[in-house]
Amino acid sequence: MRLAIKNARIIDPASGRDSAGDLYIDGGKISEEFSRPERVIDAKGLVAAPGFIDLSARLREPGFEYKATLESELEAAAAGGVTSLACPPDTDPPLDEPGLVDMLRRRASAQARARVYPVGALTTKLEGERLTEMAQLADAGCVAFSQANAPLANTQVLWRALQYAATFRLPVWLRPEDAWLAKDGVAHDGELATRLGLPGIPAFAETIALATILELVRATGARVHVCRLSTAGAVEMLRAAKREGLPVTCDVAIHHLHLCDMDLGYFDSNCRLEPPLRSQRDRDALARGLEEGTIDCVCSDHTPVEDDGKHLPFAEAEPGATGLELLLPLTLKWAEARKLPLSKALARITSDAARILGVPAGRLAIGAPADIALFDPRATLRVSPENLKSQGKHTPFAGYELAGRVRYTLVGGSVVYEG
Amino acid sequence: MAKLPEAEKLCEQLAAELRPHITPKTAMIGLYTGGAWLAERLHKLLGLKTPLGLMDIAFYRDDYSARGLKHDPKRTKIPFDVNGAELLLVDDVLYSGRTVRAAMNELFDYGRPESIALVVLADRGGRQLPICAQYCGARVEVPAGQRLRLKREADGRLALALEPVRAA
Amino acid sequence: MQRNPQLNDKGELQHLLSIEGLPREIVVQILDTAESFVGVTEREVKKVPLLRGKSVFNLFFEPSTRTRTTFEIAAKRLSADVINLNIALSSQTKGESLLDTVANLSAMHADIFVVRHASSGAPFLIARHVKPHEHVVNAGDGRHSHPTQGLLDLFTIRHYKKEFSGLTVAIVGDVLHSRVARSLIHGLTTLGAPEVRVIGPQTLLPAGVEALGVKVFRDMREGLRDCDVVVMLRLQNERMKGALLPSAQEYFKHYGLTSEKLELAKPDAIVMHPGPMNRGVEIDSSVADGPHSVILPQVTFGIAVRMAVMSIVAG
């Protein structure tokens, strides 16, 4: 369809543009202006930004359809303005075979909403022992390889995996956590966990694992993206690693940007997350790290969990929270608190994320795919089960009133959401 | 409005009424808090041999479901054998009769007395149960919205007073 | 900040889930009420009719004979009907969920749930889902809280020492895993005990424990100096397997209470233990059975305290 978006405030972080204007879309791409569009969207009062890119969103297929389905979660993505997302390999079965990856990509494209980029399993069945056929998986469409939240306790396997990935120049995405130091822990090991009597995961479980990863990056030259930072210590280490010139990038999840262990309150299982919510000091370091760019981007770490998984004592509850629809408003909230311009906030979920994903997205340039989010930065949304399209209704932000409502989402020039 | 009778005078009056009926088996129990003060005074005036018992009826009230265990319960102390005793149960104001009913229930959990006689400083009427006082200082009319209390001054003198009933 | 789920909106105690967060007045109210109940337990008719017609369900997901028995005795002394449910919990078996179990019992007209569970926070989850007339009493949740034990410990201390304002109290042993220790620490700080000490090896002390308002001692002799109250915690065998301690012998040598170490405390110091004791591991028999020990009175007071708790929440 030949479409025009008029009177928008166009923000394109990749080019630095932030000005009023119109966008024209033809053949699924952003085009030069033309006359007589088939449809005109009046975007007065709205911001037109590149569609958002979420580096971690669990769609729960295959295997966990009772928690959520491709259909429901891609609908949620569209409602959240997310046009590209990477999904972790911890499906059932895990994404360790090209056939599974292929099937997932087909089913996702049939939904015709966000572009889904599978992250392949680094080891077979995610068991942490044998390497997967990374080259084949990459050919099938995997953009990177990861262990999701499964431990990789064997440093020899980690070393070999990085060497192998480096051979084919394939990125490896790792969440740094030492399995032994984190064993049995469910909350940040500190004053709050002591008060609540919850087994703790010390901050050094993350930094020790990160030190190992960075040394192996030095040794192998593998490109590593460090996922879901949670400690001030890790931010410091990444700062030094980048200064040194190591090929590393990193992200933080929306939750750790805003919340800390105190938010557990009276054992709120909606705050049961991996990694755990840590101290205020850690949270503040993460917010600063994202601002200065040491942390490259923010993701939702969208993980739908059903009621049965959360209506349990804290330590028994399933970790994870819904987040696709909260990526924009929580990123805006972070930026507002730090008095950052809108374009910087949006960079962290568009151009910066695209760079890590390694796909031609996250920009509004002539000829680029027309993946666009039109949102009202001032309109608010009350976070509640009724207002969420995702089948996962559990989030620590329940009851919050957040600003930043998506009104239109376009993927490849088609309107996939109108709200 | 009629003036309230003087508590001290009523005490002496009650002691005079009780004195002829005291036997070696007579024992006295005062109900916290006003009845306990009164009983202490009477016990002394009458020179009773058996030590004084003091009782809190908190655990026997009939309004637990509605009110809960709000007021600070005191410890019931009955330093004699209730079995076979001729008891004088002492309270400051007799009203609905429920306090006395609770006190009797509690007493029977301690043993089986030979008899119980009720001694009160003032009877304000308004009985909701078939309870009456064998020894009564005075009948007092209490206006609506008010409550009759026994107070103890700093020097130990007892006095009756009217107080507005606090809204629940 | 959420309202403390133990209190209703009038500030009255609705559930007893933990001592932390209880206003001082309520802690004192419970102790004072328990005082009155001690009188009841000492007379021949050991019952009062307060909870007649009410049902108390003992929901024990973690086995316990002692605690369950004292709750049962306490409830019966209040004239309540008592039903005991021992539900062995295996994390592997997919049985009925915790909330489903509670919902089913609720349908049988329970008034008070006394709950013991291996997961910290379980009673809070239950309290969020019970009906308005139902009350939850925490009989121990994971490592988090054992409020009736904390209260009976406070009662015992008050009985022997009268005032908290000048006391030095030492808690010795596995504080990391101890819900009893956490509850007692909160109770002591609420009632104004000026110095609360924890004594143990670093492996058995939780992160940031000083933030609870205690002084940490690694050396037991140092820690016991001039104490008024010494509370010994039980050491479980599993600690040796979890690489937290090498042996019971070495533990006893450095952290076990003997008469010789006790001499460092004040001459009138009292020795407490929540039980059951491991003689020769955390405490020497001569101390456990000696003149400073108030371990048996603790058990008696436990019944009166639990009677007080149940009467106050159900009222």
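Structure notes:
Letters A, B and C name the chains as they come in the text, with residue numbers starting at 1 for each one.
Throughout what follows, a residue touches a chain if its C-beta (ideal position, glycine included) is under 8 Å from a C-beta of that chain, and two chains touch if they have at least 3 such contacts.
These numbers come from a predicted model, not from an experiment.
The chains that touch both chain A and chain B are C.
Chains joined by the most contact pairs: A-C.
Taking the mean of all protein Cα atoms as the centre, the chain whose own Cα mean lies nearest is C. In this assembly, the C-alpha centroid of chain A lies 74 Å from the C-alpha centroid of chain B. Between chain B and chain C the centroid-to-centroid distance comes to 39 Å (mean Cα coordinates, whole Å). Rounded to whole angstrom, the centroid-to-centroid distance between chain A and chain C, based on C-alpha atoms, equals 44 Å.
Chain C meets chain B in the complex at residues 12, 29, 32-33, 35-36, 38-40, 43-45, 47-50, 311-312, 314-315. Partner chain C is touched in their complex by these residues of chain B: 56, 58-60, 64-65, 67-70, 72-77, 105-106, 109-111.
Residues 189-191, 193-200, 202, 265-267, 269, 308, 311-316 of chain A touch chain C in their complex.
Of all residues in chain C, only 1-2, 4-5, 20, 91, 97-99, 117, 119-122, 124-125, 141-145, 179, 182, 206-209, 211-212 touch chain A in the complex they form.
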